[in-house]
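In order of appearance the chains are A, B and C, and numbering begins at 1 in each one.
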Amino acid sequence: MADLHRFANPTRFLKLAAIIQPWALAVFLLSAAIGLYMAFFTAPADYQQGESARIMYVHVPAAWMAMFCYTVMAVASAVSLIWKHPLADVSARASAPVGAAFTFLALATGSLWGKPMWGTWWVWDARLTSVLVLLFLYIGYMALQGAFDDRVRAAKASAILALVGFVNVPIIKFSVDWWNTLHQPASVIKMGGSSIHPSMLWPLLIMAIAFKAYYVWVLLVRMRAELVANKVRILRLKQVHGG
Amino acid sequence: MKQFAFLVRRDLSLAFRQGMDSLLVVVFFVIAVVLFPFGVGPEPGTLSRIAAGVIWVAALLSTMLSLERLFQTDYDDGSLELLALSSLPLEVTVLAKVTAHWITSGLPLIVAAPVLAVLMQMDTDGFLVLVAALLLGTPSLSLIGAIGAALILGSRRGGVLLSLLVLPLYIPVLIFGVSAVDAAIGGYEFKAQLLILGGFFIGTLALAPWAGAGGLRQALE
Amino acid sequence: MFEGKELTCIRGERLVFTGLNFAVGSGGALVLIGPNGAGKSSLLRMMAGLLKPASGKLLWNDALALDDIDEHAENLHYVGHHDAVKPVLSVLENVRFWAGVRGGDVSEKNILNALDVFDAKHLADVPGRFLSAGQKRRVNLARIIAAPAPLWLLDEPTTALDRASIALLDSAIRKHREGGGIVVLSTHADINIESATVLDISDFAQGRETKGAA
């Protein structure tokens, strides 16, 4: 019976989640307010790109989160495959749509930014192209999750896919960079790095914190919902099989 | 090793007796490429510029089409569990099945590619490199595809799902495969691209059987 | 000696059985019974190493069987619901392949002898696609004769077999046990196995047990 314990309700996690969740929401609201204020009012407009460069304060943290969520997903998948921890499974599954949403946000803001910069909605810039491929990886992962009737199988199959995808991300990044320098040597914007001015760096970092807090909040909401849904499903199964 | 050869031989003879299957893949490859002149117009200049890319993309798509059945029939008729229960490690089984898959679907593509290159007005300087790049690249496609084919076993949307999982992972092979041919046609050095394709092959050879076997194990549970 | 200790099976979040023990000695037979969904097939797949137990262990001659799955697989033959007969290969080729994959004797004589045990020798040249369900099952059973292994795991082997074929299976099992082999099979009770241990799996389903007690 002791081994069945891990399939029981993770009450400790639920308790902890209930404590963290409002804090995460508070941190998100506060840092988003400060970050956006700084982005719009205290940060200087870019001397070349003007006011439109302010979209960077959403675009760059979103792109960071896109990669961050995929990493979380891959690590959680590894944990669930190796130690079979049920919470790892749930968190990987819950991370995927959030990460996909951030990836989409990064693409959309990149495209909006591209219009005044390049005069077109889409440019096959190395950075944007890699993010686009990342979005495909997310979609594949979520499609595989949804393709099985058996939840346990869905979790295992998509965990393997997440790991395979994670190994491939740097390879894809490298390939796309190579491909891009080959085809359009000069159109890449130089951004980030150590040369960025503190008046621009601060709002960027605060926005990054806001996005992280938002992620934690949504993740907890989704995980709690998932756990409740699990409970319902198990009750149903018991009904069917005469528990 | 003897059992490995045994398994490859069995898959080959299965493929040859169902001859149409691998033939259809080549036919698809040819048709997909032939569609392009209708799409972009028959000007030799345009065609020859996109030739390498078109042939590679068509090769990716046809490889992917043939992948769906890599494990599916064995899964459906119970052969897969018996293969998992042979003394052969499942990783080796995956490798054997991939080898057979490449011989029956990768190799015919490589044979057909120069003909298509002629139709697409490709510069003759690119022919040898195209074949070499396909020789180095298509095994990686089969290996990566095997992971996807194992993961979708027993799922509701087989084929479409497989393309969604596998095609993004094919991008690096596509980039360097096309770049090698273009470099050769432009008179540049193409050794680096071929070496990288070779590197991809070695890398996938080392990793894909593990991931594929992991996929099969969870499918059989 | 093949033993299971405190085995627990969970399928798709459902507890199928728990605390299940069994032991079969050389020459012994274990017959699994129980209603649909009790976990007969799951237990057999677990014994084969296809399904990992959620807890508990399997012992083969006092060694942990699942530590080296490939070695465990060499000791057993598993006959499941599907017969693994390829439609485009002849019966002979089908059986020869399975014997060869296990490193067994692939000579024509050996394969034909194995087919003869289940009265399927005359089918040797027939492609798999022409076989009836019962014939396929006999071919599948001939496979386990062609490359011998001490442990037979048979999941409802009598499905689709007629009375005469069941008798053939019966005597094949007897012969296997006389040679020290072990047989575990699940059945809806239409085969007569002498001096077999009977294991009713529904005894280990927790839900039913408590309900029965109440």
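As a working rule, a residue touches a chain if its C-beta (ideal position, glycine included) is under 8 Å from a C-beta of that chain, and two chains touch if they have at least 3 such contacts.
Note that the structure is predicted; figures quoted are calculated from it, not measured.
*Asks:* Provide the labels of all chains in contact with chain A and in contact with chain B.
*Replies:* For chain A paired with chain B, the chains in contact with each are C, in label order.
*Asks:* Most central chain by CA mean?
*Replies:* Chain closest to the assembly's C-alpha mean: B.
*Asks:* Is the number of contacting C-beta pairs greater for B-C or for A-C?
*Replies:* Taking the two pairs in turn, the one with more contacts turns out to be B-C.
*Asks:* How many angstrom lie between the centres of chain A and chain B, each centre taken as the mean Cα position?
*Replies:* Chain centres of chain A and chain B, defined by C-alpha means, are spaced 31 Å apart.
*Asks:* Suppose each chain is reduced to the average of its Cα coordinates; what separation in Å results between chain B and chain C?
*Replies:* Chain centroid spacing, chain B to chain C, equals 37 Å.
*Asks:* For chain A versus chain C, what separation do you get between their C-alpha means, in angstrom?
*Replies:* The mean C-alpha positions of chain A and chain C differ by 47 Å.
*Asks:* Any chance you could list the residues of chain B touching two or more other chains?
*Replies:* 221
*Asks:* Among all residues of chain A, which ones touch two or more of the remaining chains?
*Replies:* 153
*Asks:* Tell me, which parts of chain A touch chain B in their complex?
*Replies:* 81, 133, 136-137, 139-140, 143-144, 147-149, 153, 156-158, 160-161, 163-165, 167-168, 171-172, 174-176, 178-179, 182
*Asks:* Taking the complex as given, what residues does chain A use to touch chain C?
*Replies:* Counting only chain A, the residues touching chain C are 1-4, 7, 150-153, 230, 233-234, 237-238, 241-243.
*Asks:* Using the touch definition up top, name the residues of chain B that touch chain A in the complex.
*Replies:* Residues 147, 151-152, 154-157, 161, 164-165, 167-169, 171-172, 175-176, 179, 200, 207, 211, 214-215, 218-219, 221 of chain B touch chain A in their complex.
*Asks:* Which part of chain B faces chain C closely enough to touch in the complex?
*Replies:* Contacts found on chain B: 2-3, 6-7, 10, 13-14, 17-18, 76-79, 81-89, 220-221.
*Asks:* Quick check on the complex: what are the chain C residues that touch chain B?
*Replies:* Per the stated touch rule, the residues are 48-52, 70-71, 73-74, 76, 78, 80-86, 88-89, 93, 97-98, 100-103.
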